[in-house]
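Shared between the two complexes below is chain A, which has chain B as its partner in the first and chain C in the second.
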Partner chain A sequence: MTDRKMITLTIEGRQVQVPEGTSMLEAARSAGVLIPHYCYHPGLPVAGVCRMCLVEVEKAPKLAPACATAVADGQVIHVHSDKAREARTGVLEMLLINHPLDCPICDQSGECELQDYTYAEGRKSSRYREAKRFNPVEDFGGDVLYVPNRCILCTRCVRFMDDVAHDPVLNVSERGDRAVIGKFEDQDLTHPWAGNVVDLCPVGALLSKDFLNKARSWDLDRAASICPNCSQGCNATLETRDNVVVRIRPRPNDEVNRYFLCDEGRLDYRWLNRRDRIEYPHVRRDHALAPVEWEIAVDAAAVALRGRQAFVLASPGLSNETLFLLARIRDRTGGRGAFRVRQGAEAPLPGVPDLALRADRAANGRGAELLGFSRSETPLEGLRNGDVLIVADEELAGIDPASVATAVARAASIIVVGTTLPAWASGAAVVLPVANMAEEDGTFTNLRGRVQRYLQAKQAPGLVRPAWSALGDLLTALGESALYFLPSDVFAALAAAVPAFAGLDYDRLGLVGVPVAGDGAATAAAGALVGAAP
Partner chain B sequence: MAINVKVLARPVEDVSYVRATLKGMALTFRHLVDPHKVTVQYPEQRDELSPRWRGTHRMLTTEDGKAKCVACGLCPTVCPANCIKLVPGEDEQGNRYPLVFEIDEFRCIFCGYCQEVCPEEAIHVGRHYENSEYSREGFVYDLERLVSQTHAVCEMWDPTDPRGE
Partner chain C sequence: MGFPHRSHPRETPVLSQHFGDPDARSLAGWRQRGGYRALEQALTMEPAAIVGIVKESGLRGRGGAGFPTGLKWSFMKPGDGKPHYLCCNADESEPGTFKDREIMRWTPHALVEGCAIGAYAIGAETAYVYIRGEFTEPLQRMTDAVREAYAEGILGPNALGSGKRVDVYVHKGAGAYICGEETALMNSLEGRRGNPRIKPPFPAVAGLFGKPTTINNVETLAAVPHIINNGAEWYKAMCQGNPKSTGTKLYSVCGNIARPGNYEVVMGFPFKDFLYDLCGGPPPGRRFKAIIPGGSSVPIQTIAEAEATVMDYEGFVAEGTMLGSGGVICIDDAQCMVKQIARLARFYAHESCAQCTQCREGTAWTTKIMERIEAGQGTREDLDTLLEIADNMTGKTICVLSDSCAVPVVSGIQKFRDEFEAHITQQRCPFRGAAAGGGVATAVAA
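Presenting the complex of A and B:
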């Protein structure tokens, strides 16, 4: 990149320097100028079919498509000149000829580029008096619904399936004003990454069946997060409505997932909204669990741990901060820790290097390894007679509960630190209810060792506290100095204590993350700008 | 000890009740014969409401009796009093429609924004003022109630003077 010649040009009166070969549209973006566009997407090959990005170039005879034209030295580009504006208004009028006025029932409404640009520079009223084209809604398979009436034929979806997913299922069928997006016969959008066409679609033509009619985009609260469903650690945005996660969408990060998120990741969010949560701390009194104050429960846990070794059964979905504090409890008592990762089929996205839905269906297995937890298919084997079993948000789903219960019977007592109380751990002495990943701030370490932050998206129920906060109190009760007020405090202690995390802090991680020491020579520039949404 | 009340000597014609009584009775008899009436004989008689009167809501329906609402969510968005609850859903034909549509008429400030913003001309504020209920809950109008009401709806502007001149 550095050996490329730099070119200086002027866009909307602003001088910018960009490497040779950059498109006008990208150059304008680096100058902070948005050139309206539909077919261009930074994650897809350039098509130049929508004609929306036409800009006026001084001394050029015609308007130039900004997405497909490389910049030249000394160029002067006008994006908002009368000529360019008139061209865009014309394009919008043509697009609106067959676009129905059904924004009130369209799921894209509020985040629709056609809506936005029409409000900004479209005609005030239509001159078209004829009947609009009509095609029925089509089920594209997978999670995708196609509404041909709304389609503006930008072909982003076709290019995604052809060039990124390498699964050419979609095409442009028919010609002229009859053209629609079609499927090849007997093929469906069943590719594990096909759901991305819904995000790529600039209008409401491709819709997610899962999200259909669920919420309006302006009702949603958004939080920068990490997809918690596999070890790839795709950057994502959790979107909530009334404290319920309703959608996960990709957040651009060139180092991890570029602009994409797999279907399994984007549809597997319901566990974040579970209703069978434990909401209050409990301790065992008279052979039954009784709800108590936090202080009482934490003291009871400290008493249970006194003089015994802890065996920590950790979930690989816990944050680095929580795992670090669990590791400190483990080491303080001279105990051991293990975790188990649920496995699934690996599903790569061929068009992006090193991007796949990973076999490890948990976000932080790597972090657990770095913090000294041992990975095992049967994690309870390490539990010895007389140990105190600390179950940290692990349900051991898929393993026969009865056999787990017999293994657990070896423990002197059980402390549950979790979102739910699994049946096999119902004999617990102490239950500390903690927040799930959507309810707390924290970090995950992905399988390539990249530490990435996620932010709180919703409120936790009842008296639930983030696990780092509860475990900090427990450590204090055990006699260690562990006074933490913020997750960043815990992370600072983690960075000071664990060599792999040395030198990292929340400010350096930013929202794109940094690889841990000794992992991957390519260290991303800290705090680098997240690629702006296309 | 007697209180020394100072009695002023006034002319009889100034302090006499006769003059005041006659004055009052004159007014009474004038009203008796004068047809100028202010009292409205409610409920037999009712005042005409302005076409722009904004009262409790009504949901208009299509020919087949269904609410016109498509659950677009604009009215709860625009409502300054936050009194509209809307949960969108799908009907048997796959059309978007409101699963829940409730207006809390106690919280409503009758600004009429909901009617103005509605792209389907479904929700209207009504030309209606008789709103008694037996319970507070009765003032949370659900979709069924909003659809079944028949009173006239607000015109938002006077048709004879649309510019408000």
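Presenting the complex of A and C:
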């Protein structure tokens, strides 16, 4: 890259310097100029078919397709000249003649590139007087429906399956205006990453069955997030409607997931909307759990811990901040802690290096390791007679309940810090109800040690508080100075206390994250925390 | 030779000399007629010297664009360590064009020889002949000829004992006009969908299988042995018009004409004499109205323009059209231009590969409007719309199929507007039911 020759050119009056071989479209993008496009997508090979990106180049006889033309020194490119604009208006008119324009019932409406550019530069009315082409909706398998009448044949979906998923299931069938996207005989869009074609489709031609008719895009609230479903840490956007998560979509991050999200990740979000939540703090009174004020519950937890060692059963889906505070309670009482990571089949996306749905189906196993929790298939093994068991949002799903009950019986008492109350923990002395990841701000550390922020996407129910906030109070009640008003306060304490996180700054994590200090340092730091936090 | 008619004395049969002579098809017969002497000589020469002779001869591509063949060959750099390929474009699907078909039917060895010389000249060991899927007889003839040539050691690892390798493969297309476009042809040969590729890169840099490739039309390659045998000066001397157009050209003549068929004349021949003397003029009782002289993709000429034309690359351009593939489509005064143009548009709409928006949608839209006008349901605004669609379809797509659809529409509206308007004002086709031979004026005024 560094030894590539630099080219200087002018786009829309701005001077730009880019490496030789850069396309006009990307050069413009680097100068902050949008060249309208459909078939171009930064995550796919160039096709140059939609002809939307035609630009005028001074001294050139013809308009040039900006996505498929390399820049040349001294070029002067016009995106908004009359000729270029008329060409785009012409393409839009052609794209619309056979288009059903059924925006009112189209899931893409509001986030449709055909709508957007038509509003910007399309003709006011249609000159098309003939019958429109019709093809019926098709089930493409997996989560995908194909609505051929809305297809603009940009071939993004075909290229994704061919060149990124390496599973050539889709094709362009037929010629001329009979052309449609076809699916090879007996093959379906069942590749574990196939759902990306729905996001890649610039129009409403490929739809998610899961999201079908769920919401108008303008009714959605969106929050930058991290997919919580595996250790890859794909950057995602959580989309909610009326405080309910209805869709997860990829958020670009070249270092982690480029533009993509796997199907399991995108479809596994309903747990964020669980209705069986504990909504109020509880303490045990007269053999039953009774709802109480937060202060009373926190004090009861502190009392339970006094003079005993804590055993923390941590969920690997908790934030770095929460795990850090749990680690401090653990270490303060001279206790121990463990976590278990649910396993699943690994599913790589072959066209992107180091991107896979990981076997570890939890977002923050790496963070738990860095904070000194031990990883185990049978995490309650280390629980000793007389320990106080802190269950931190872990239900131990899939483990034999009888063996869990036997292990739990060793505990002097149980404190639940969680979103739900597992049956085996119903004998808890104290229950502190906390937010799930969609309801709080926080950070995860992915399998490569990248620390990434996620933002709150919905309101928590009842009196639920973020775990970091509740645990800060508990630590204070235990006699530590742990007054935190924001997750960034906890993160600052974490960065100061744990060498692996040294030098990281919450704000500077931005929305694409920063790797923790070299893996060596990270490993060395795994273990008891050194010194207390400010 | 004016195959299937007797050769006219004013023709100059070089490529068509043996059309209609079944004995010329076999290897033995072809050798008796001087075959493979040129290849034998070429294999003793430096490739660059062959390219030099072809350059000097002034031979230009007969596939449509008229690009100088020697110059095209010189883009290949023999000895760059990469495999090179020669493709022979025998997909001949341009409406009105059937000259390559006759070359392959009657003189298949001429093409095998031309391919072998061309391959050697550009440093390629392999030539592919891509034959239109519907061409069953030409495919058989070519397959037989290649088999004979291998059996006799003309082709193969030691071509004609020269120690040089020349392989020729015959490939059957699957029946798509677009596969005649050079890069679509390469995709098709590679087993992919026949979609034209974005250029650059040009085939000479990255063509078939991503390797440097030259592609030439059948007629172009078939002319090469004659040039090697008789010299560049001989070929260059066959020129009655612009010195940039040399040699002979085969024209396929069809439509409303007394003697349809293939005719071979030297560059610069007067088109008027060609149409009336050689081809016998329009059918009895009719007059020519329009001529499409270079296959369906070139602008339509009025008969006045055609009669003033000198038949060479520059001469056709001077009269508002192009030489193209040399497929001469004759239209007489009993024909409805709107109907003819609608039919052409329908062809392009059927054949568009569907990659480019303007072509995929524009060819079909144009067809629908043209057919509506022809059915008497057009409006005046339709004509403006047609011209604007044509403008949108021109110069903006990956290949020129899109432009080719616009060409007859634009030239048709420009030159035969009265017929379009008659359809619109009379709300019917003025030719429907009109007496044959009634002429434009009568039909349009009716």
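Quick note on the criterion: the second predicted complex is superposed on the first by the 518 of 534 C-alpha atoms of A that agree within 3 Å, B and C clash if a C-alpha of one lies under 4 Å from a C-alpha of the other, contacts with A are read in each partner's own complex, and residues count from 1 in each chain.
Rule of thumb we're sticking to: contacts are C-beta pairs under 8 Å (C-beta built on N, C-alpha and C of every residue); 3 or more make two chains touch, one makes a residue touch a chain.
These figures come from a predicted structure and were not determined experimentally.
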Dominant contact partner of chain A by residue count, chain C or chain B: C
Touching partner for A:I152 - first (chain B), second (chain C), both, neither: second
Which of chain B and chain C A:L212 touches, first, second, both or neither: first
First (chain B), second (chain C), both or neither touched by A:I97: second
Touching partner for A:G334 - first (chain B), second (chain C), both, neither: neither
Which superposed partner A:A87 touches (first chain B, second chain C, both, neither): second
Touching partner for A:G307 - first (chain B), second (chain C), both, neither: neither
Chain B versus chain C as contact partner of A:C50, first or second or both or neither: second
First, second, both or neither for A:S109, with chain B first and chain C second: first
Common interface positions of chain A, toward chain B and toward chain C: none
Footprint of chain A on chain B - complex, ascending: 70-74, 77, 88-90, 94-96, 119-120
Chain B contact footprint on chain A (complex, rising order): 103-105, 109, 137, 212-216, 218-219
Footprint of chain A on chain C - complex, ascending: 176, 178, 193, 198, 349-358, 360-365, 368-369, 372, 381, 385, 388, 391-392, 395-398
Chain A residues within the chain C interface of the complex: 46-52, 54, 62-63, 65, 68, 87, 90-91, 93-95, 97-98, 127-130, 152-153, 155, 171-172, 174-179
